[in-house]
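After this come two complexes, each holding chain A, first together with chain B and then together with chain C.
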Partner chain A sequence: MLFRDIIRRDLKISIRRSTDVLTGLIFFLLIALIFPLAAGTEKDLLLKMVGPVMLISALLASMMSIQNIFKPDYINGTLEQMMITTNSFSALIAVKIMMFWMIFSMPLILMACFIVSTYYVEGFSMFTVVLTLILSTLSLVNLSAFAASLTLAIRNPGALISIIVIPLSLPIIIFGSKAIELSIVSMDNSGPLYFLTGMMFFTCSLGPVVTASAIKISID
Partner chain B sequence: MKESILQAESLELFRNDIPIYSNISFKLIQGQHLVLSGSNGSGKTTLIRTLCCLTNQSSGCIKWNKSNVDSIDNEYLDHIAYLGHKNGLIDELTLMENIEVTLGKNFDRTELTNLLENFNLSEHKDILYSSLSNGQKRKAALIRVILSNKQLWILDEPFTNLDVDSITCIDVIISSHLNKGGMLISASHSPENRIDCDVEINLDGMIHVI
Partner chain C sequence: MNLKSIYKYGSPPHYFKLSLQLEYWLLGSGVILILIGMVGGLFIAPPDYQMGDAFRIIYFHVPSAYLSMSGYACMAVASVIGLVWRSNVAFSIAKTIAPVGAAFTFLALVTGMLWGKPMWGTAWVWDARLTSELILLLIYLAYILLHQSIEDRSKADRSSSLLALVGVINLPIIHYSVVWWNTLHQGSTISKFDSPSIASEMLWPLIFMIFGYTIFFVGVVCRGSAGEVLIREKRSKWVRAFIEGIKS
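Let's look at the complex of A and B:
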């Protein structure tokens, strides 16, 4: 199985199984929109909230959708077939995780561009929100994929994925929120952004390898 | 096809100190068919998965052309086509799409058309895989193995859910694969659904606690 076959396959499947992606995206939209509705129209409060709200909503939505990243392939035996190929299994998993990010997180980031306007975020800060979300969702997707692979053989993983992912994702949430907050008050936010970039490279390079090993153990 | 030889030497697998299979040794050369027989739970599937490098054995080794498969992982995997209990095809894709995504563009289209006709699947090739019957799904999975053009086919209960005509058809295909220098390892629990074999390993003689 070649990489381009996996890309083609995952795109086709996500179109035919669009409810999986849409449910996660609608969930993100609702969580992110409910805060300005509930907290009122006070500008300072909303500007202070926007960072954590965006990141936590993105985290919850990706944890919800990631359950189906490997499970159907595990059930129908495609994962086994992927292991019996000459391609590196870790690389195939990396492609699958990146496909999930493109199919799920990219529309989510696009939606976030519009949602942040309800929090009075404008101008350059909007760009920071997008950049922070790109960096943090890449890390979050890798972390969630790892949790999904650990719970692969469990029939109803339920809250187990959250118990694994939330503690691991705390640094990303903290530094991501800080990057957005500093940008809103027009201060230098390069520190948190450097940290997020580092985390992104760390999770993207190590994540697929660890995830592939966890899948191998689940399949054994 | 290149001269090839598959050897297993004293394979053993223990789970929680319980032997799943033990002392399995065999040698399979081109054109030969190895049958793993035994009752339900005798360890056929686990042994087949070990031979596909999906499950690790506790001791012993598998050799492909006299090299340990652990050290030549890719070279060995490049020669095997595996069909397990799960068909390895995707519900959301049609039969044709499934064949295309698993085999890429590297398969003989005329052979595919012939196989679809022989298996009475021509009219179903553009139907979603999830809508097919269990027998048709199994036939689609077997088509994937046949078209993969690999030397060693490893099939776990290949005839599950198949009708008599399809079994006869697959018998012919397997004979021609073996005549062309291919190799086959199959697991079967029922003697009536068995193709002529050169080597047989009966796993019933071992101690198995489920």
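Let's look at the complex of A and C:
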């Protein structure tokens, strides 16, 4: 079963090369912790900042670590082999993206729980932060994977991935920060959460298809 | 207009000849219309009751804002045609629209800022339309940068076309999520055709400007994409014949 093989392979690679994941996570931690040092540590200010800071650091961290999602497989030819199997290529790409989310974003969200407690977030808001981050990282990972696949043929994509991802990810950043902000002032945040859920389904269903066609373009 | 004629004008030599014939007419009539509109707008139209002479910048602001968006739509349509039919002509058109559209977007932003400084007191406000216009500019720039950094031309064409398509799906979402904030920008004044809220002496120069800008835009794209087609087809017989024709 090809899907199980891909899952097992991605897990194995990420365990053997755990520095890749760790680098991304530490990057996330550093960005999230540098904001209070720069802006001041008043409780009101931090509570106002926590939503945007979480979203922006998650965006930056996933953009940075996504560069390695397809590149090694593209160089050693695995992607090409995946393309010529009888399975749908989009489905295989969807599995790869979900594996990336599990390996990278789930630890990131766990870490975020501890970071937001340094921002004085307590109680039920903590749960909202986790929910918002789950929904928004799913969308962000799909968008970044699309950008990474567009830039596969470029030797040194560098900031190009960010230039592509940031404008496209704007709705997620806006509504994600809004959801956390509203929950902290204990107001109804179901609107932004519904929007984020919609974006999550939208990007998770269409993202792998577009990403797969971008990879096909880069390979042939 | 059947499918055959699409294939005919989609073939590079036909497109090249057609745009060579059209470009000077388009550019010329565009410039004439813009000049008429400028005279009408800057000298004939009366100053506005509230804004004085400052309102006259709409004669540059409205057409460029409108072209920045419809230019993106044209680019997306050309990208679809290019991706489906692998047409070099469509890819050349999409590639040429990108910098032109980015320039008009930039123009719309700058004229808006020049108008906003005396009217709103600040050059920039985080208002929905301004922000989505800025995002539009960024997406244009991402398209141009992506196209330039991929070395293989065919890969560059198809990858950046895909980006243009994703952008066209995402732009309405971005726009409506930015509308979440209170909006300061005034509603458009001439879309209500039965009872326009603008005086007719002020309206006709604007219509001249819009048509002039559009025709000028098409002319620039014609000229640019004809050159692009020529570069792409540089090894073919008809280009050689064309060059020989110029030399002799």
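As a working rule, the second predicted complex is superposed on the first by the 219 of 220 C-alpha atoms of A that agree within 3 Å, B and C clash if a C-alpha of one lies under 4 Å from a C-alpha of the other, contacts with A are read in each partner's own complex, and residues count from 1 in each chain.
The rule is short, and it goes like this: a residue touches a chain if its C-beta (ideal position, glycine included) is under 8 Å from a C-beta of that chain, and two chains touch if they have at least 3 such contacts.
Please read all numbers here as calculations on a predicted model, not as lab measurements.
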> On chain A, do chain B and chain C fit together or clash when superposed?
Replying inline: fit
> Does chain B (first) or chain C (second) touch A:Met83, or do both, or does neither?
Replying inline: first
> When the two structures are overlaid on chain A, which partner does A:Val50 contact: first (chain B), second (chain C), both, or neither?
Replying inline: neither
>> Quick one: is A:Pro72 in contact with chain B, with chain C, with both, or with neither? Answer first, second, both or neither.
In response: first
>> Tell me the contact category for A:Arg17 with respect to chain B and chain C: first, second, both or neither.
In response: first
> Where does A:Ile161 make contact in the superposed view: on chain B (first), on chain C (second), on both, or on neither?
Replying inline: neither
> Counting only touches as set out at the top, which of chain B and chain C does A:Arg9 meet: first, second, both, neither?
Replying inline: first
>> After overlaying the two complexes, what is the shortest C-alpha distance between chain B and chain C, in Å?
In response: 6
>> Per the contact definition, I'd like the list of chain A residues that touch chain B in the complex.
In response: 1-2, 5-6, 8-9, 12-13, 16-17, 72-73, 75-78, 80-81, 83-86, 219-220
>> Help me check something: in the complex, which residues belonging to chain C touch chain A?
In response: 135, 138-139, 141-142, 145-146, 149-152, 155, 158-160, 162-163, 165-167, 169-170, 173-174, 177-178, 180
>> Using the touch definition from the top, list the residues of chain B that touch chain A in their complex.
In response: 52-56, 74, 77-78, 80, 82, 84-93, 97, 101-102, 104
>> Show me the residue ranges of chain A that touch chain C in the complex, using the header's touch definition.
In response: 146, 150-151, 153-154, 157, 160, 163-164, 166-168, 170-171, 174-175, 178, 195, 199, 206, 210, 213-214, 217-218
